[in-house]
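Supplied in structure tokens, the structure appears directly below.
Naming follows writing order (A, B, C and D), and every chain is counted from residue 1.
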Amino acid sequence: MDNYIKFNEERTVTYKPAGSGKIFTDPDADKMREYFRDQKPRKMVDKASSIDRVVKELVNDGDYIGVGGFGANRIPTAVLHEIVRQQKKNLGLAGHTATHDFQILVGGKCIDRCDVAYIVGLEARGLSKSARRAVESGEITLTEWTNAALTWRYKAAAMGVSFLPVRCMLGTDTEKYSASVEMECPFTGSKYLAVPALYPDVGIIHVHRADVYGNCQIDGIMVADNDLARAARRLIVTTERFVPNEYIRRDPAKTVIPYYLVDAIVEVPFGSYPGNMAYEYFSDEEHLRAWLKAEKDEAGFSDFLQRHIYGVSDFNGYLDTIGGLKRLQELRATENLVEK
Amino acid sequence: MEYNDMELMISLASRYLEDDSIVVVGTGAPCAAAMLAQKVYSPRLMIMFEAGGIGPLLPSMPISVGDSRTFYRGLVASSMPEVMETCQRGLVDYTFLGGAQIDRYGNINSTMVGTDFQKPKVRFPGSGGANDLASFCWKTMMITPQDPQRFTDKIDFITSPGYLTGPGAREEAGLPPGSGPYKVITNLCVIGFDDETKQMKVESTHPGIEREKVIENTGFELLWADDLTISEPPTADELKVLREEVDPYRYIIGRA
Amino acid sequence: MDNYIKFNEERTVTYKPAGSGKIFTDPDADKMREYFRDQKPRKMVDKASSIDRVVKELVNDGDYIGVGGFGANRIPTAVLHEIVRQQKKNLGLAGHTATHDFQILVGGKCIDRCDVAYIVGLEARGLSKSARRAVESGEITLTEWTNAALTWRYKAAAMGVSFLPVRCMLGTDTEKYSASVEMECPFTGSKYLAVPALYPDVGIIHVHRADVYGNCQIDGIMVADNDLARAARRLIVTTERFVPNEYIRRDPAKTVIPYYLVDAIVEVPFGSYPGNMAYEYFSDEEHLRAWLKAEKDEAGFSDFLQRHIYGVSDFNGYLDTIGGLKRLQELRATENLVEK
Amino acid sequence: MEYNDMELMISLASRYLEDDSIVVVGTGAPCAAAMLAQKVYSPRLMIMFEAGGIGPLLPSMPISVGDSRTFYRGLVASSMPEVMETCQRGLVDYTFLGGAQIDRYGNINSTMVGTDFQKPKVRFPGSGGANDLASFCWKTMMITPQDPQRFTDKIDFITSPGYLTGPGAREEAGLPPGSGPYKVITNLCVIGFDDETKQMKVESTHPGIEREKVIENTGFELLWADDLTISEPPTADELKVLREEVDPYRYIIGRA
């Protein structure tokens, strides 16, 4: 019978830091175990709150943030706007396909460091002038990664280990500006990169429905949100709608975020606007174009932010500035392929 | 039959996507090429998107690789780790990448122009999933306009790996053996990679394009296939499907 | 700004094989990449087959097998019986809470090696005499693990990496009889065990519904089946019922096994019997007790196997021996808490 | 009020499960203790099962930790990795283990009796999830009958870690700091672990049980708490709920 261990004796190997990037968050799994034991709200009690309050109470200057969804799909816009409105400063960000979310936070000058996989662009829509200005000025410290690397960094944290071995980034400048470590497999001797667990101070996720305790359902793709929810020290959830706990218990296989991960939850209908919310409403491409256009000069952008964020008191106020329910109904029709 | 550069490139790309294979695509021309392939050549080509959409019946071109079109009536609405791990596991045949610079080994820059990483002259989005797909998928393709600034050996930043510094370099770096750049489809020609040197080798020039023009638009020395041919122009069928079914609003083919 | 790398220079560390156990399956991720590229059936074509044929064509003497479900819950009984009926020999098994599945395969004397997490017992029901005899005789080579370790070995394979770091088994005899390697985290220096990827030759999974291409849905808990499905070289699925592809596309978030992982699929109503199938039918405790009782002496057990496995030609024949649809309807009532 | 050993042990165990905490249980007495705790002391105690069931409204005692009762009207029907990773991440407060042997440091054998691993005198199931739960959960408890064969320092196989060889040993082995054995509840007494030596220390003896009887039934030397007490017997409320709601068919409490 074969024994597939290539190396069956003790041996020394080399761990070689492969990148010059900084690690912005502590990957230590034991420290996080203690944090989770002592601080995670295991009480299954009503955690419904308001946007204003969750940002005041759960987001501190200097925090490192992980945003759910995918750039302009299922993003927690209300919380992002409120972070800008409350002028939070020196935030770190996991730039895991950060598109409109990055644009909002950089617009508010909230970020000073970023783990980059994808920033400054809005995919097929083009590049954000404002975000590029900020990054090109050097005011944001960057460590380079990839979408998979960041996803696996969340997964390491979610699994409760301080690193995972991966096979991307190898041989490139992306590796050189990351903070990964070259190592080898104990069994095969194959080369791997180790990436450190990423435990954000705050995770912010928008979901389709949840009960007031924080048991959440998401329809369609998960992106990396199940792992992000498990990795975050504090977790803020916004939900399109509350449902009774009984609804959650009807199909427990659909619960992707259990209550004991959630610190606070806020009902925010159309909460991903102008992003896409699967089965609910399509992205508002017109408004996203308006963002990109407004960024072309700084004064114009200032006015734009004033009109849509600083000058309104809450997310419903923002929705009024873009045409309110009428516009949202159009986006609902687009999402559901209803002919106009 | 009349056609523009974009229609030509998409048609050519579509022919390389074999039936019963899996491709991970982004938005734009690659998605159009995959959709065209499905409708003309490879009905069972499986399209995946890096944010989690698998096997959708695309009702229209997605705007984002994570929007709801990417799993509309799909086979699976999964997650980014699921798709990336499927790639890392070796199940994905093709991917398409884009970038601001590409060198003779197919290394691609989509991160920055300049010399100071923390203060770049121009900052681009970065890898996104590009480095991952270039590392894991078996065959990486590119659809891109060709000019000497873009096709350069003075690449400022290798975001995604091509053949790195040449033969054996990917394997030495620890990347999965057998994977790497496959075709670069430009507005001038179709470029493959030489088996021995792993450098770009022109396989066909497009109708009406002189060899000289390709050379002028490349910042490094190209290899040329012994059996260099003229690229087969888009067929009437390709153009009809592309224009009427794949991109009726000319979002992509209107850009040419 | 803190940089949380504890070690930012190249350094040598020790990899220390921690256990005397054998690794029964090759953890090499590159070899498996090639296998998956060349052999995985990426054609979305009708893969419906018969139990007889799938076992003939896809299970070879000497193969290493991973069984889905959890011992006596959602297990692919029809395939297990057929393996016994066809007298497959020298199989390896992932003993990841292997209870009734282990009992069947050992009853047929099919197994000669096993990665153990949990064997020879049927949880609260007691121990299998036959399985204990086989194991205590020394005829089955064992390597010791835990449920989590085996689950993560599947996960490593599913992720496409040849190992994962874990924190269980450390300091125990379970570690000493495993085939894990002691190592440390490149970032924190914390101690970990590396476990090797587990790629079974054949995975066998029973699901609630699937289309003929092999796109599968499972209701309730997944146990480790999403990872097992991704780790297996060849994958056999049995399904309670076929559904049209259109049904699958109606809720793509429910697809846990996509068609391109599946080599063959067979419709087997009541296919987990005498195991529990969530929402469908409860376990047949009476019949499981009959197994345990029959095992008490070897001759009696022989007769029992003759009556229920060797002496019937297929799974429907087996169901007839236990009371047919009438009994199954009782189990459906029990599962659904229908008062009798 | 009359009660048997099993009722006593389950009642005592239920009192240690604090409200608003999470416990992973197996079938049998531990599950009964958790259900009793929920109904009498800790209504928001969260019960998890290692195969994936989380927060069910248990309609009856599960037969398997993977059967459909374990997620009946549950909060989550997840997977084994999900539950194990939740434990490894440090979110789970309590677990219960069983075994054939236990030593003074709370190390447990559920693998084999004998000296030849490949040909054991008696083979038991092995770890299952026990080693994982003992490694990851903050506080490990045990409900077990006590006799000198079971409570022994001549443990044949350490399946699941207690305090291993004593103070600091878990940490040195790489196990998560701060976790470890918490209480052992037997038919004779309640045993905790001494903070300094990490050895078993009797905290209370059950009504009518002499110290001598405990010593006779233990294969090693026990420590004794300075403030040794008599275990508080089951209350009328505990017994009523246990008999009428938790285990009306006496599956567990009928075993005593």
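Please note the rule applied: a contact is a pair of C-beta atoms (placed from the backbone, for glycine too) under 8 Å apart; a residue touches a chain by one contact, two chains touch by 3 or more.
Predicted model, so just to flag it, every value in this text is computed and none were measured.
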Overlap of the subunit A and subunit C neighbour lists contains B, D
Between C-D and A-D, the pair joined by more C-beta contacts
C-D
Chain-centre distance (mean CA atoms) for subunit B and subunit C, in whole Å, is 39
Rounded to the nearest Å, the gap separating the Cα centres of subunit C and subunit D is 28
I'd like the Å distance between the centres of subunit B and subunit D, where a centre is the mean of that chain's Cα atoms.
57
Residue numbers of subunit D (touch at least two other chains):
71, 77-78, 81, 87-88, 136, 176
Please list all residues of subunit A that touch 2 or more other chains.
29-30, 141, 160-161, 166-167, 190, 192, 219-221, 252-253
How are the chains arranged in terms of who touches whom: line, ring, star, complete or other?
other
Which chain pairs touch, all of them:
A-B, A-C, A-D, B-C, C-D
Quick one: in the complex, what on subunit B touches subunit C?
20-22, 44, 46, 54-57, 71, 73-78, 81, 85-91, 93, 136, 138, 176-178
Residues of subunit C that touch subunit D when the two form their complex
69-73, 95, 97, 99, 116-121, 123-125, 127, 132, 135-138, 141-142, 144-149, 151-152, 155, 166-174, 177, 182, 190-193, 219-227, 276-279, 282-283, 285, 335, 337
Across the complex, what residues on subunit B touch subunit A?
26-28, 50-53, 59, 63-68, 70-71, 77-81, 84, 87-88, 107, 111, 116-132, 135-136, 157-161, 164, 169-170, 172-176
Which residues of subunit A touch subunit C once you look at their complex with the stated criterion?
1-5, 7-17, 22-30, 113, 141, 160-167, 179, 181, 183, 185-188, 190, 192, 194, 196, 219-221, 252-253
With touch defined as at the start, can you tell me which subunit C residues reach subunit B in the complex?
29-30, 32-37, 40, 42-45, 157-161, 215, 230, 248-250, 252-253, 255, 258-260
